[in-house]
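Chain IDs A, B, C, D and E follow the sequence of writing; residue 1 opens each chain.
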Amino acid sequence: MTDLFGIPISALLGQLLLGLVNGSFYAMLSLGLAVIFGMLNIINFAHGALYMMGAFLAWMGLEYLGLNYWMMLLLAPLVVGVLGILIERLMLQWLYKLDHIYGLLLTFGITLVMEGVFRSFYGVSGQQYQVPEALQGATNLGFMVLPNYRAWVVVASITVCLGVWALIEKTTLGATLRAGTENPKLVQAFGINVPRMITLTYAGGVALAAFAGVLAAPILQVSALMGSNLIIVVFAVVVIGGMGSILGSILTGLGLGIIEGLTKVFYPEASSTVVFVVMAIVLLVRPAGLFGKEK
Amino acid sequence: QISGDTVKIGFITDMSSVYADIDGAGGVEAIKMAIADMKGMAGGKKIELIFADHQNKADVAASKAREWIDTQGVDMLIGGTNSGANLAMAKIAAEKKRPFMVIGAGSARLTNEDCTPYTIHYAYDTVALANGTGSAVTKGGGKSWFFLTADYAFGASLQSDTATVVGKTGGQVLGSVKHPLNANDFSSFLLQAQGSKAQVLGLANAGGDTINAIKAANEFGITKTMKLAGLLMFINDIHSLGLKTTEGMYLTDSWYWNQSPEAREWSRRFFEKMKRMPSSLQAADYSAAMHYLKAVDAIKTDDADKVIGKMKDTPINDFYVKGSIRKEDGRGIHDMFLLQVKSPKESTEPWDYFKVVTRIPGDDAFTKLADSKCPLVKK
Amino acid sequence: MSELILETRGLSKDFKGFTAVDGVDLRVQRGAIHALIGPNGAGKTTCFNLLTKFLEPTRGSIHFNGVDITGEKPAEIARRGVIRSFQISAVFPHLTVLENVRIGLQRFTGTSFHFWKGLTGLKQLDARVLALLELVDLRDMAALKAGDLPYGRKRALEIATTMAMEPTLMLLDEPTQGMGHEDVDRVTALIKRVAEGRTVLMVEHNMKVVSKIADRITVLARGAVLAEGDYAEVSKHPAVLEAYMGSEAAELQGAH
Amino acid sequence: MTAALEISNLHAWYGESHILHGINLSVQKGQVLTLLGRNGAGRTTTLRAIMGLTGARKGSIKVHGVETIAMATHRIAHLGLGYCPEERGIFASLTTEENLHLPPRLSGGRATPMSDEQIYQMFPNLAERRHSPGTRLSGGEQQMLAVARILRTGADILLLDEISEGLAPVIVQTLARMITALKAQGFTIVMVEQNFRFAAPLADHFIVVEHGEVVESFSAAELPAKQAKLDELLSV
Amino acid sequence: MTALASSSKTPLNPVYGYALLFGAIALLPALGVYPIFVMKVLCFALFACAFNLLVGFTGLLSFGHAAFLGTAAYGAGHALKVWGFSAPLGLVFGALAAGVVGLGIGLLAIKRTGIYFSMITLALSQMLYFFFLQASFTGGEDGLQSVPRGSFFGLDLGNDLTLFYVVLAIFIGAFWLIYRTVHSPFGQVLTSIRENEPRAISLGYDVDRFKLLAFVLSATLAGLAGATKTLVLGFATLTDAVWTTSGLVILMTLVGGMGTLVGPMVGALIIISLENKIGDLGKVLADLTGINWFNGLGESVSLVTGLIFIVCVLAFRRGVVGEAIALWDKARAKA
């Protein structure tokens, strides 16, 4: 067997694949952030908390209502989307005229409240959520045994990411959204209800986070704090990718998952910092990020 | 002569964060049970309990402790989970001369490098856990080990303590991988562990990390080829993971609710109130409070030095443990248990999770006086 | 020194495949009031942004006093004495009128990084500040917050602050925009006054102002220079009439 | 009969600059009104104020008799207004066709919306370039696209800001024919024009704006009589 | 800025006001207020004032200020405990260490503005947090414990009261420096940059260098707060460096009033008291309303903090002191 720096190539392939799984989460979350940022010019700090909420909804659906994974994969994003509508209508919409900083601070406050609520009801050690029947078991790929569920995560999230990308880049709705980011006033002058479009965009963005949350529930422990560490990494992903393009956020998310995976093999101690190191380097070379546009 | 005419116990623990289930509100309830069992009086005076959440922040814990002693006249402190918080509290208790009974924190430093005349490390420590799990599992045939270690001081000491024991009992450490604290994904580390072909996977981490690692180990089928040994786990972790996931795992603890009739009896009372079975820490909270209150009751004073003397002189003998507190360094010495998680089929009732595999005598479990790094121990 | 204070050669700026400024050769005579006019979106403001390096030119070079300053940073260019005003009013609203102007003067004291010093050192500048405010009829308002001034007065304050920099070349972007008649006249007179001994390059839509004070006019259209000359020449130039002033105006003029 | 558009005492601001100082005008259904004036006089601002795109507005704007001064922009549009901005507002991230399809059908529009075929017939250039990004079009094509875009929506009042600007004479002639055709179909049109030659034969009514106020108002019939006055007002 | 601007018009010299304030603080222990609590508040007040120097007077919202608090806390702790530095030297060392880290982060972050700036500072400080978590000298999760207080120019700091006056003196000194900075030629330029950056550039100021100096100053002073805190409490822990602490200092400044000099002090007092007393408040509320849930309020600090954040951002952006000044200005405008 061939080695690379003392690690068998086959093991390396396995690690790359696992990196891709994590990258799928980064991609989905940073995609949601990018969509929201594009339309609302708000960095949605609450993204991590809404992701957590998605996972919790999956668990609650099963626990209290007996709704299975597949139902919740649909329902949780809907519920969180409605919550997003409320957040946008009741709070965010008053902040657009102000400095963007206030949006960041408000959503930070929302994060604290949501985490606090879930923590006070469910504690922190977390709830257990089983992998759905259909996806249990693992497949032997030769170089590694890949649990079917992880394969599903990659497939599902890449599908969703590409779907969102296609929706935004290829449809009338997407065209309206893109136009709205370019020149919201003119779009409104054409009779399109831009405020409502903004609300729905926010709802859609956070629904993506909830979807990621449901996907994560069977892999991770469902707990109140599951989003708060992730969100900062996703921020770094966003800074590295540059807030410009939808495709950029997807690619950067996947790419960083893989880089992180490789770090876990060669220098595991640095695996939690590598994203930030990459960020520092990218900022030095390209202050606007890899796919971002200057100013 | 009881200061302030009340015997005031201060309990500081994690009530809202990762360790809240293991101790937290249940710990408060356990101490209240002890007070109730004393009829609310010790040495002829009223007993009072105040408690606070340190949110796993050492600074909050220490400030609370200091403030309580300075302004509330607290006579004794019970420290819940989190070693950092407890080390900080130990400093304050020693400075202010108050008995400090550590229950939930595992760091062996509390009775080694950082020992004080006022610290009593009552329930367990990482050395005991390492000795229990490390030696018992190795003796039981798990000769080759691989460690999955949280990358910070505590994880490193758990690993090195256990590795030493494994080596002594004829086992072999094949390797280890460090993971960041609160890692969100363990699959990559587990793949590396699997690559080592070791028989035992030692989990030198805690809380959420342990839980997530076990989940992933199941998912990747690693539990089929390796035995899992949790180096710092409690019954609540098993409860939240479920037996299906944890079946066959080894862990060491100071107590299990189903280990004896008296333990069962107390646990039922606890269950009435909390709707869950007690962890070893909650039982220890009760036991420690009781031990202290009985000492105060016996000598009719809450003077710190005298009460500590009395506590160290009196053997502990209750449903929790039979043992004593070592005079020199304040280490509580009692038996520990190597437990194995039952399979779902073996479990006959809720919370029936463990088989007791071995009883480890206290003298073998805890650091020997000869090996102690406590400056108070004269060699 | 040469007659030309500012010269650009082939100055261009592309935005994503769209050329906003296209090979402009601008030549500003020392001591002149030079107006830059042209239809909306002709690239006038963009030109200003290039000259002061708020934007990076895509092609071409900028020469100031014969020195190539194309590679310099905005602050460096400002320190050479090329000071601009903005199309949208640019004062420091929470500072007083006096402080606004003093910020300009302060740079010359070399104490701007001294965070441990009090403001007493700056007080000595106040006399000069007041003199400048006198010039723009703002002396009485010295203690007011700049944000509380009426719009026209803000533009005057901006000019005073610009003056404080002892500019050799002032770039004014639509100094009379959004003003009432009397303010326009006032500011026109003011520009005329302050232009003594220095050079002014201004963007202006108000032809009354331009015809009154501009010595020379460059007309931009679609990013390129369409015509250049004094007012009489430019206002007769057919291409200018076509692109900017309206060809029918000429027709009408010819009609009577 | 209510006017299609009736404005009285309209004031408007951009931030702190007070631009419109009490505009009064009214347009009957099926008429073409042209706003004349010098650069910066406030004509564009008048159109933008009708759409609710300026800063603060005061006064009264009635569209088909409905007061819109307090309405949100998109609601105003749905009363049947189509706006073609001076800067054209072609979206760079959209293709020509996407740009064309962007404005939705207006609920209150009274005109028959044009089909794509009709539009492409009117502007063959656009059909050719339907899949290229909007801002890759030439200036003239962009102008066509900006006009074409509002014909699909069913808007019956068109606000056209300098649509002839920067276009080759042939295209200007096309536009002139188009406006005549639209007028024949009953469209109400408000135009801002610099190009008097273009506007003169099309308009039923003229208004001259100066410093945010209406200084002259006369019908096409009065045009010859007003020529001298106009000359003075518009001269440079 | 507004604080000074408005008070400078009144005949009363603001210096008297501050003297009165600090005099009152100096008397607190004599009135039976717990000195350690006051010292803790003072440390956080200094932290918030330092942060405010950046956000309130320069317009840069750093979401990574915990990095400086943490760096200095560990730096000073290590210097005092392991290298045996004297207290003053330890403090200076801690503050300087934070300043150096501030220079590094500042160089990377200053190129971007607005939310980008916030996100970059947040991410970089999180990187530093992981470093502290893993580095051996910090004691990881356990923290750096039992840092000796030692003596300060001959004064024995073991005594709480002595330490209190030393801390108060440090605070006054640092506050004076901030006051000075705000009202210095440098401060004038900072204000102009915050109010209209392009205009400041066009006046010939190299704004990046001004921002960087402000950033480093703010980091150093935040460091001083962290070092002093270590001295007072005797330990440095990861709490000092974690990102939620950065959030906390933003909250303090927001609640007190961004861009006012005393605002952050008031904010720190409110938030620290809340953290300490919210459990009691919950019990009172539970007794009053009979709703048992309130008893658990003590465990829900973050929930309450979050609510305050939301309320402040939506309805109370000027903060306590800011609103007070606005009221005062209004009243005077009427008079």
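Following the convention adopted for this analysis, contacts are C-beta pairs under 8 Å (C-beta built on N, C-alpha and C of every residue); 3 or more make two chains touch, one makes a residue touch a chain.
Note that the coordinates shown come from a computational prediction; the quantities given were computed from them, not determined experimentally.
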{"item": "Mutual neighbours - chains that touch subunit B and subunit D alike", "value": "A"}
{"item": "Touching both subunit B and subunit E (chains)", "value": "A"}
{"item": "Comparison of C-D and A-E by number of C-beta pairs in contact, larger one", "value": "A-E"}
{"item": "Chain of greatest Cα-centre distance to subunit B", "value": "D"}
{"item": "Subunit A and subunit D, separation of their C-alpha mean positions in angstrom", "value": "44"}
{"item": "Between subunit B and subunit A, distance of the C-alpha-averaged centres to the nearest whole Å", "value": "37"}
{"item": "Averaged-CA centre spacing for the pair subunit C and subunit A, given as whole angstrom", "value": "48"}
{"item": "Contacts with 2+ other chains: residues of subunit C", "value": "none"}
{"item": "For subunit B, residues that touch 2 or more chains besides their own", "value": "16, 20, 151, 180-181"}
{"item": "Residues of subunit D touching at least two other chains", "value": "92"}
{"item": "Interchain pairs in contact, sorted by label", "value": "A-B, A-D, A-E, B-E, C-D, C-E"}
{"item": "Complex interface listing, subunit A residues touching subunit D", "value": "172, 175-176, 178-179, 181-183, 185-195"}
{"item": "Contact footprint of subunit D on subunit C as seen in their complex", "value": "16-18, 39-41, 88-89, 151, 177-181, 205-207, 211, 222, 235, 244-249, 251-253, 255-256"}
{"item": "Subunit C-facing residues of subunit E, complex", "value": "1-2, 5, 177, 180-181, 183-189, 191-192, 195-196, 198-207, 209-210, 213, 217"}
{"item": "Subunit E partner contacts - residues on subunit A that touch it in the complex", "value": "43, 91, 94-95, 98-106, 108-117, 119-120, 232, 235-236, 238-239, 269, 272-273, 276-277, 279-280, 283-284, 287"}
{"item": "Sites on subunit B touched by subunit A in the complex", "value": "16-18, 20-22, 151, 177-185, 187-189, 191-192, 195, 207-208, 211-212, 215-216, 219-221, 236-237, 240-242, 245"}
